[in-house]
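One chain, chain A, links the two complexes that follow: it is found with chain B in the first and with chain C in the second.
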Partner chain A sequence: MAVLKINTTDKHIINLANIVDGPRTILYKKADLLAYDCDGFTIHKHLPKAVVFPKSTEEVSKLVKYCSDNGLPFLARGAGTGLSGGAIPINGEVIISMVRMKKLISIDLANRRAVVEPGFVNLKLTNSISDKGYYYAPDPSSQYCCTIGGNVAENAGGAHCLKYGVTTNHILGLEVVLPNGEIVEIGRNGVLDEPGYDLLGLITGSEGTLGIVTKITVRILKNPEGKQTVLAYFDKVEDGSQAVSDIISAGIVPAALEMMDKIAIEAVEAAAFPVGHPKDIEAVLLIEVDGIAAGIEEQVNQILEVCRKRNVREVRAAKDEAERERWWANRKTGFGAMGAISPDYLVQDGVIPRSKLPEVLSKISQISKVSGLRIANIFHAGDGNLHPLVLFDARKPGEIDKALEAGSACLKACADVGGTITGEHGVGIEKREEMRFVFKDEEIRAQTNIREVFNPNNLLNAGKLFPTPGRCVEIKKELKSLS
Partner chain B sequence: MIIDGSLSDLKAVFKGIKLIEEDPHHPLGNSGRVTILPKTEQEISSILEYANTHKHTVIIAGGGTKRGFGGLLEIADIQLSLAQYTGIVEHDPGDMTLTIKSGTPFQVIQNHLAPYNQKIPLDPFFPEAATIGGIISANDSGPKRLGYGAARDNVIGLRMVYPDGSLIRSGGKVVKNVAGYDMNKLFIGAMGTLGVISEVTLKLRPIAKYESILLISFPNSSLEVISASAVKVLDSLVEPISLEIITPALAGKLTNTNQYTLLISFEDVKSSVHYQEDVIRHMMPEKTTIKSLSEHEANSFWNTFYHHQPHVYTNVSATEAVLKIGVINLDVIKLLQEAELIGDSCHVSIEAHGGLGTGICQMAIKGASADVLSAIRLVRETAVQLGGYAIIKHLPFSLRKEANVWGNKTASQFLFEGIKQKIDQNGILNPNRFVGGI
Partner chain C sequence: MSVKETVLKQDPPCTSTLGNYLWRDPPQESKWADCVHCGMCLESCPTYEQTGEEQQSPRGRVYLIKAVAEGKLFVDEHFADPVFSCLDCRACTTACPVDVDVGGLIEEARGQIRQSMPLKGWKKTVNRFFLHGVFPHHNRLNSIGTLLRFYQKSGLQKVVRKTKLINIMPKHLREMESIMPEVKSCVHKKYDSVIKANGETKHEVSLLTGCVMDVFFSDINESTITVLTRNGNDVCIPRNQTCCGALHVHAGDREMGRKLAKQNIEAFENAETVIVNAAGCGCMMKEYTELFRDDPEWKKRAESFEEKVVDISKYLHDTGYEKPKAMLKTRITYHDACHLAHGQGVRQEPRDILLDIPGVEMVHMPKADSCCGSAGIYNLTHPEMADAVLKSKMENVPDDVEMISMGNPGCMMQMALGVQKYGRNQKIVHTVQLLDWAYQKEERGSSHGSPKD
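Moving on to the complex of A and B:
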């Protein structure tokens, strides 16, 4: 095998390579960097200065210290599945990739916790403990490839967070490299309520702007004894929304309560996992209850009854595990399925109070009419988290702009009814300006003040999460120039 | 500091706001030369703005149940009491969310929600007196935390009045929200050192259709037997809402049986609760006695439970301490066993319970002052050796100066100080009430 050599005179590249394991563990040539110019948000692209692959906390700390001392912007990246552009190197950052730090360090079933490195893939954790009857609850749709470090940065959710909570509810401890290279341990030994301000809660969901997480202690849960999934077809979307509210009001806490509208159904049925949903219905609900088997039948019967009262066309429980899994595969691949009916799509992530569902859906349908673009809707309906999917064709001049505008208008509609602009995808660069829909200037300043405590020179993942004062107009122009 | 005579200035400034002057000396400290009782957010804001401009120190009070929790300042310039800042701002039963003013007593809120079959899924001590703002500021939690989580898991939005009087909202009214930093987390458990909580928005849970408590007494059993039983419960299919071990002294008080007792509670539909009770019955070793309390009896047990700690706001003369201790879940058993020995060697009475699925213990210590202090020190050493911590939730003011309420500083202290400095530059809010002198 030929010995790799660093072929550049850039002293920073040489020095960074020396911190990690040499040329094998750094990328710096343009051709190699292209794969890192964006994440799951593909509308905005920028090349990094380099991508380095540390294998330990100490290496991360040294890399961070080097960048910090030399004024080089830097950011951390996991699997790159983020949907809001949080890992896009808009300032030509040095990307610190966490993918080599992918060990499962320890499992302690009796105390219901596991310790992982940040590059460890979400689903692998559940797979490592499922034979013992345990699982890790947060289940973003990308869980087969996204990393737990990335989940911490974004405070990732998933279909089953209605009952069990999002990532922040499952993080017990973090080892963090601060932007000056210092290593701190928060939530030592995974013990709850460590004295002091709740830095665990603050750092989780901070989108990689306060520090780089290098070790994570997570809570693991015992598998429920039983689970059952119910499928319900509605001719009217209002009836489906009302059924959602009725189920929750009946005192049932479903593990998941998902909804897809007509266009979404068209897409999932045209994609890889069709299950035969009728094409002429306006809404399909997928309702899962879990827990003690003895109590499940009662809940399922109640759900069936609620749906019937709301003029359901057809409602039934999955007849076996295979059918349940088919229904979920169909739903979980919903975003990607848009590819079957549209060349491009933009996914949004608003949240609304559940009771406003019919109102916001009708608003979104108006937005669709005005923009001339089709909008499919996939929701975590139980917690009011909407994913409007704006379908467009980037080859047609002006369509990217129109899609961005329509997406933003959907978020405005959510904010206007007392909701928010992101439930699980994060702000990133995508929704920076939309932060103004929900926060006043001084509230945004209150947050950037906290950032300054951790990240005073703003070299770590700068330009993310917050709108730049007075830059509103410029950013719109910037986005326009991209098309 | 307010100099004598400037009180009339204050009265002039806060025309129309209730102001009380009384003997500020109190065995638990945390008093003010003057107590101000605002009724609106605007009044809270103007009081803080005034205090900040004049660099007056402010101690925040609610129902007074946590007056002995931290604080090395006996008398601040102003005690800001939220006792008259009460009421429900918005309850949306369909969305299962609730917004309330911070001075509202917890039980008042639960009573309002009960007809809707809803509740705040927190179980604090002294629910009739503790205010929602105080519970959240002190991050108080009870045994049901295992099933429902703590304040950090249930608060979805806060309106904070910052020390300069500005109003900062965090979170919102929806149950899932990642817009910006999760600032709620910063204010929960901050002991009022970063701002005054004005309004709290919480997500609600349905009241379970049925509930029961199993009290399992272990006569003369070694703790290994109890530990093995607890591990079996944790590894089984049951989904307890609480799983606590109670020391013999506390069990005697609560159940008249002076033995180590496991408290396992269930909330679900009736069939499921009964099924789980049966599973537990078959799992427990011989010679244990199992008592089952359901519905009304369970409620009445919990009511006693939430009042077993020293009635700090009615009887402040005794030398009593309450500790909150966090360790790795199953180490609770080792900690409580050690505490029994410490109680004997220090000649103090110790009543304690700890969550085997959470690692959070609460311990009431009673005795002569010097003995109580020695016991606190030894319990803390044990907790730290087990990789955890011990903080003092309640202690008379005179002893707080000698005992270190929050334990030793950690490596994160500089971050805590940085945060405090950014928000409360003049250090007016609850000075010296939190970790490391914040």
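Moving on to the complex of A and C:
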């Protein structure tokens, strides 16, 4: 790999390169930029102007100030695993890549918190403290590689968020570079409940439109004393869905309660981590309970009984940790596994009241029939967070649009039953227009007003999170043609 | 040099092209079609870990390889950089939810690059000298071995080091020189073509002696033969076998790779089992079919050849071996060679063998299956990256072990370099050597001390 020599007449590139110390700190040639034209959401693509790799908060601040002073659009990017396009440079942004700011700054077991740089990978935090009996709870499926900075931006969730909450419930403090380059600290010392407005809550999940997070204080938890996972196969989706409701109604709060449907099972079984799920079942549930060891067995028995009452074909607890891990690897690589049965996929992220599961699932299957595209379902059933995966082939003319329409229709179905359009993946580019399913124009304006306080020139990650005015009518027309 | 210039100078031999790949045998669409850009591979990649750059990650590389096929990118130096900086360690394929064959794509892309942008000047000379002039020729390798032996034994090595004459070499080559193993006489010369089993013959196997392996690591070949014969195997060493071609294919010279593959397929035509003690060679030979996608006859032969190839540790594990009775009191950690763990799925077998040796205490190495940076001749072509990768590797080697065991000579050299460079004191051993030493000790009947020290 050659050491970078800047060879350009573009003064912005030269000036940006001079801000950051060290070799190979900026990419600006087309061939080097191509890999940055999208993130985990591959439908929209656009080349950035450049990619810079700062190593410190001060460098981020200077880069931001430079972009801001010179009217250059810019955005922050972590591992680029986001599923809604939040890190796609649709305005030819300067990408500020946070991946080289990846230190674990401190661990404070007494106060159960850790401080990390934004590029630190989610799972590495748990791996760094597991020998001491602690872990970091939010566990998005991409936790092997996604960064905690990205998790904060998207307010990421994960399988175990049913019991423990999403990222925002685990953030105790943030250092943020505001779009004018100013460095501010929010939630000092990780003390809970600072007086004044909940700015931590505002920044977390703001999808990189209010500032760039450069340091994060997170809550860490003690490992639960006991843990058990149950696997249940159902011949009917309705029975599986009912079992989900019954488990929660029985007063059990599982750590995780996951469901996959038939097409999803086909994919994970054809992929790299198969566990031998039968091909002819309609739904598989993965139910994990954890907590004080003494109560686990009783909860497991209760779950087994609930499932049996709902005509389960087979239900059993994991016989050992290895089996439990196999089940989870199979589930957690579920999105990537779609590659085994389809060249492309679009994943949606609707949330619905649990009781509406059967209704919405049958609606999704109708949408699939109308669009002619297969739709797999992998979801956090416990908290009603659906992930319909629309399978398509981008090489076939018109299929991308069809997939987008079908995805949008799924979200409409969620919104119609009193749910919402995103649980954990964020709005990004993907669900901008669908924001209108859940917010009125004035509600959206109220939110963009907040953005203007932080990001008045809208140079930071512009065009994300909120709909562009005037697209509303077209969307409605598209939906009409689908239903 | 851009592709357009090349086209003017020499026409590609084939008109059926794929986007901006202008030569036969381009990267296969079926290999990248499964990639949905999820990013699960990122953290497994040593070059991504070091750089954080998307195009230095498996996902990014696959994306670029696809982009050339789609006509969005040319085969030029910007494309060549990420493709050649890949260590070909295959950790990404293990991490991938759908087993995307990134290694295969990289090798095919390198083939295109080397044809579109042939090496020039000293790089071409050095490349041709080693890849064409030396590795495929046993005699020449032996001659080099003899020269090196002379260099080491005559005192010349001492003189060169003492007079600082050594300093005329670049740093990374100097470091390589310092860990050059003692050259012994190769098994090709020492043994007949068939070595009979001790006692009753249970199996007949053939041994790949390797090119560099038989010069620098002939003692490992000896250990392999001893262990095999002791466990009832007749060991055949076909004389017309040659270098496996891995280095050539990694370098993008697929034509030479095919030539060597054919020679080996012929050489081992009558063998039932082909034993390999170098993970890199084993992995290559298990992928010969890839080289003959357009040649049905050779493809078929390659397929049946691949099935016969097996790593020594897996072979012993599967066919059974006598458990040694002598104690080798030592603390060991095991390093997974990429081409054994990721390339051939052999992970537990060598560990089981080590655990079967009385007195061996295994210490867990975190991230045991992460690359050491050797990667064929990567440590020569990309010394800085190889060094950074080695540094991460060495940080995971437990402090209190006496030996690091592994199943690949390339890794052994690199890890020896790591031990020396980072002030460690572990002995680097091949798994089969330890088993051999345990047998030897048993035969000598002594009850203490470590052999071969």
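Operating definition for what follows: the second predicted complex is superposed on the first by the 464 of 483 C-alpha atoms of A that agree within 3 Å, B and C clash if a C-alpha of one lies under 4 Å from a C-alpha of the other, contacts with A are read in each partner's own complex, and residues count from 1 in each chain.
One rule holds for everything that comes next: a residue touches a chain if its C-beta (ideal position, glycine included) is under 8 Å from a C-beta of that chain, and two chains touch if they have at least 3 such contacts.
Nothing here was measured: the structure is a model prediction, and the numbers come from that model.
With chain A as the common reference, chain B sits beside chain C without any clash. When both complexes are overlaid on chain A, the residue A:Gly336 reaches chain C alone and has no touch with chain B. Of the two partners, chain B and chain C, it is B that touches more residues of chain A. Legend: residue contacts after superposition of the two complexes on their common chain; A:Glu194 is shown touching chain B, with no touch to chain C.
In the superposed model, A:Ile129 makes contact with neither chain B nor chain C. Contacts of A:Arg100 after superposition: chain C is touched, whereas chain B is not reached.
Judged by the touch definition given at the top, the superposed model places A:Asp344 against chain C, while chain B stays out of reach. Applying the stated contact rule after C-alpha superposition, one finds that A:Ala256 touches neither chain B nor chain C. In the superposition on chain A, A:Lys29 makes contact with chain C only, not with chain B. Of all C-alpha pairs linking chain B and chain C after the chain A fit, the shortest spans 20 Å. Taken together, the chain B residues at the contact with chain A in this complex read 92-97, 117, 139, 149-150, 152-153, 162, 166, 168-170, 172-186, 188-190, 194, 205-209, 231, 234-235, 237-239, 268-269, 271-272, 274-276, 324, 326-330, 357-360, 387-389, 391, 406-407, 410-413, 415-416, 418-419, 422-423, 434-435. Within the complex formed with chain B, the chain A residues making contact are 109-112, 133, 154-155, 157, 161, 165-166, 168-169, 184-186, 188-202, 204-206, 222, 224-225, 245, 248-249, 251-253, 291-292, 294-295, 298-299, 351-355, 380, 383-385, 418-427, 431, 435, 438-440, 442-444, 446-447, 449-454, 465-466. On the side of chain C, the complex with chain A involves touching residues 33-43, 47, 51-57, 59-60, 63-64, 67, 72-74, 76, 78-79, 81, 85, 95-100, 382, 384-385. Residue ranges of chain A in contact with chain C, taken from their complex: 1-2, 24, 27, 29-32, 34-36, 38, 40, 42, 51, 53, 79-81, 97, 99-100, 102, 119, 121, 142, 144-146, 271-273, 333-340, 343-345.
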